[in-house]
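The first chain written gets the first letter, and so on, giving A, B, C and D; residue counts start at 1 in each chain.
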């Protein structure tokens, strides 16, 4: 019954979608409305981006500039979505033990956080010599690479999201190799939750700065008054970078938070 | 028939593919009983939309939307000389050389949203499994029917 | 000749009783202050109404628009005091004071519970009543109409027992159900048709091209939608609402609820359709016949009732139809009689209810068959009862005679002999169900008496009257009924202002 | 700073959320004051926006200062309608926040900071959706709203809440994705994401406006938002999600999320596709009105069968959504239906808020989750019962409550456009509501006070202290329900100004 209903719904939806496909522009058509605007209308925003990004922001990577500047408002909320996901997963899944319960069991060590029980009791790291050694090499490289991606989002593909994911992965790798505890020892639970919030705060805060220069929200050009270098264009470029840092912070910590919670069913101990 | 395929499917093959993939995902999201399978369907469904957007931004003969600095500086000089007003020489940045950046930006957002949704959904699955000991929807619904709620 | 004055008086008149609500709540522990507030609010209200009276008698109107402005066809909350509204407001605000005094006596005498709630909703319902009286457009009218329905529900169901629940349910189903189902669409249809809902010199629908069917449907929607008018077959809430304490019944029947119903129907006839349009379409006859049937049927049913209050309820249903029939005849004298009857019947009927309540307070008796010989114990009460009965029946020298005279005159004027007969038959029937009660009370021997009188009864000279606070109001209204026969000029003038100032052809 | 009010409305809760997340984990007592400050700021700013719109006119704000040409940056646009909705969101959110003040001492108190974070982020989403003028931005914000909602539903201690959240998640994601597909098709056809820009292009190029791409885009956007608002055939998630979640969350979500989705529909229809969509396709608009009628009928019938208070209210939401969707699609020349819908968005937000707050108070104070439990309520808790009564009366549509006036204008629109079935459904649903609520009033008014309740109240003295915090917002909500009705005129004036003059920017320029 459910399957029949699903089939009917899917067929109808598909038919409606395909019905419109005939009117679509050809695949790869450079003159389709998204690519070059409606004939007779104004130029499409995409052409505007391509032509003016460098002029406006001195950022060669148009995607980065559009993401963090022209449509920075979207991206702010995108970052907030990530934060939301992190918080929501925590709220749904995390098993919280009260302090008194913890004390009564007595077996937990409280190295990490007063309230959120975490433990690194099993010390599995010892038994994973190969993996541990490899990690020791790979993790710094991965983190370096993550920072590179964040920093190099201006002239090449990259940016806060991508770099943040790589950074997050490095912590996950640490957890995979040395147990969750070893990763949590480096990035404690209350830390990563705060870091996630801080990332969004940095993003929104940079946007808010421009309000004090009587410019609109997220108008990084206003920061030229603060930075004193390179005029508005460079200020935008720097603004974009600052924003990307915030994004990276949030992404890193939420990636790790998702992993930590999902892999331990919210217990944050034992591990895999 | 061939003619129809040539005029309708071939120039838009990417859209046909996206619709088919998306419908597969949608079917799984609605029709499957296992919650994880539903999620897989949902993910496929969301990912297919990425295909729709990204293929909108494709231009024949265009490259990635990164304006290299020499071209950019040329444009800056061009503008500095007031070239925009004169219009004698062409503007140095030819948009036809670069793919449309906007769909990529949008899809970056969509990817992120997809990941976030998936994360929350998996967390929910874990909690549901903890509570009910199963991930099969009919069984869960049965259990809900039988228990008096514990609010 | 149409001059109107902008004034906040109608608003203050409405709000004066609403303003009493917080005070009543504040003094819920100090019964004396609480009741004083109620009465003071009533006096304040009467003063505001009286302040407007001379203006109206000069032929002017008082208008007030709240949140007006904007000319794009929105309907504001507006007040407009004209002769008709004044008649009604005057009756309501005059009678509120004796009713308040009476209810103090009654509620104390019976030691009722939740008296604060009682006074609060009493005040709210008076607020809504005056709102209806002074409404300047159909929307405002409807708003206050509904407020009244709701604020009287806790009064009707005051006893909170199974019977009250039944009565309350029937009350709401009839009043709220019909107003939502019929009045709202009819009102908005009128708005669509004419672009306005304001009551003015000209009737709202005067210049629209209604067909016979549309007009009839609208008229019936209003007549049955305003089911507080208790036209058959939507009358059964009224006997059901008799579960209420007697002051409430008095208020419902004489002042607030049912009169609001007929007032709304009169407004509909005069200001929404206009006499010309109704007469031109000929649909008024349908309303006439419905009212006439109600008139006779209700009187016949009243004959069969043994419960005094139920009998009075059916009597009210009949008398309301007098008013509706009078206005629906569309002749000058019938309309005059109809408007006068609002006032005359109010004074007569409230007397009767006060008496019924007083009897109950003093003796605990509710059935007519138990009243034998009580007239000798409660001479004031039963004298007042006789006066009220005579007034409602239409005997001189009571006020009711005047209004019925005009009604019959109007029926003759309209050459509706059958309807004329309905008036007469019903009046005879009125007498037939009232006077046996008086006869029983005064002339039949008293059965063996046990000590059944309630605690609050005061015994003077072997009388066992109800508490003084009960007896005074009923004496007052009874005497007023007589006085209205001799001095009807205020109401008469107001009514003729309605007909000659408000209606197109004099 | 006053020139930045539209964006501060959105940012205030965002900063609030972040700060709560940062400091709240250390000291839980900071959460509530921070959240309250943030929402109060939003409230003040939205008053400023309403004032500006009422005195000056529609307000465009370009984020990042990217003003020209259109569609490069993201535009926020406040007009007479959405500024009022902003205000309503702020008010309802504040009330829900005050209601939820004492999470401590209950289960999962450690998670309460995260409750506040999610709560504030949900407000961000709602504010943002309401004020944005960019079609894609709506999607991002819809997803914020959705994700926080899933979290807030699942945060409850009930096992059912998790399953409800999961169902909500699957359906909600499909709905949002449909919206995304629709926006994609729009973008494909016109190459822009800015609503005003799209509207201009569509008006200038009728051949595009009539293409199948635009038609499909419309269909999918509608399917998306209908799913989100729980219109009848797509309502499956709604009753469970809102009735099994903790009442602190329900007080925020139930009044607002569906309403904001309705607003998105209105915004997209008129700001993007133009009024012509409705007036020029009478067949389709009739169909939509018919769906709306179905929603009204289905919601009312479902509500009649429920004995649980919250579930009943949830079913009523389905019916109310039908009111608004139907009113929007009436297509009468005077735009009365649209006026009614807009007003009903506000009215319904207020009265649903009132009713859910009341349901929460009943559940917390008396453990009353089913109709039978309300016996003797007027004696046990006269203030809460009185507030619930006002909310119920508004739902029935009794003047002078706000629910009446929206029906007044909706019916006006329906008579003008000849949708008789809609009128019948509207009045029928009013009568059903009357039955539903008076059934409750009767139980509460006539019923005896159960013995057990007294002892349980006496046994837990802290409840009494917190009860005031819960009852106060309820009373405010009830008062607002009444005041919005009595002072409906200024509100309607503001709405009319927008609906008649500049909801569809292009057709006004002609």
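Simple rule for what comes next: a residue touches a chain if its C-beta (ideal position, glycine included) is under 8 Å from a C-beta of that chain, and two chains touch if they have at least 3 such contacts.
Predicted model only: the values in this text are computed from it and were never measured.
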Chain whose Cα centroid lies at the greatest distance from that of subunit B: C
Between A-B and B-D, the pair joined by more C-beta contacts: A-B
Rounded Å distance, subunit B centre to subunit D centre (Cα mean): 28
Chain centre separation (subunit A, subunit B; CA means) in Å: 17
Centre distance in Å when subunit C and subunit D are each reduced to the mean of their C-alpha atoms: 43
Mean-CA-position distance for subunit C and subunit B (Å): 70
Sites on subunit A at which at least two other chains make contact: 17, 22, 24, 32, 34-36, 45-46, 49, 71, 74, 78, 81, 84-85, 88, 92
Residue list for subunit B, restricted to those that touch at least two other chains: 26, 30, 56, 102-103, 109, 113, 116-117, 120, 124, 127
Interchain pairs in contact, sorted by label: A-B, A-D, B-D, C-D
Sites on subunit D touched by subunit C in the complex: 334, 393, 396-400, 404, 407-408, 411-412, 415-416, 423, 427, 430-431, 434, 438, 442, 445-446, 487, 489-490, 492-493, 496, 500
Residues of subunit A touching subunit D in the complex: 16-17, 19-20, 22-25, 32-38, 40-46, 48-49, 69-74, 76-78, 80-81, 83-85, 87-88, 90-92, 94, 96, 98, 115-116, 190, 193-194, 196-198, 200-201, 204, 207-208, 211, 214-221
Residue ranges of subunit B in contact with subunit D within the complex: 26, 29-30, 35, 38-39, 42, 45-46, 49, 52-53, 56, 102-103, 106, 109-110, 113, 116-117, 120-121, 124-125, 127-128, 131-132, 140-141, 144, 147, 149-151
Partner subunit B, residues of subunit A touching it in the complex: 2-3, 5-7, 9-11, 13-14, 17-18, 21-22, 24, 26-30, 32, 34-36, 45-47, 49-51, 53-55, 58, 60-63, 66-67, 71, 74-75, 78, 81-82, 84-86, 88-89, 92-93, 155-157, 161, 258, 261-262, 265-266
Subunit D-touching residues of subunit C, taken from the complex the two chains share: 66-67, 69-70, 72-74, 76-77, 139, 142-143, 146-147, 150, 154, 157, 160-162, 164-165, 168-169, 172, 176-177, 180-181, 184-185, 188-189, 191-192
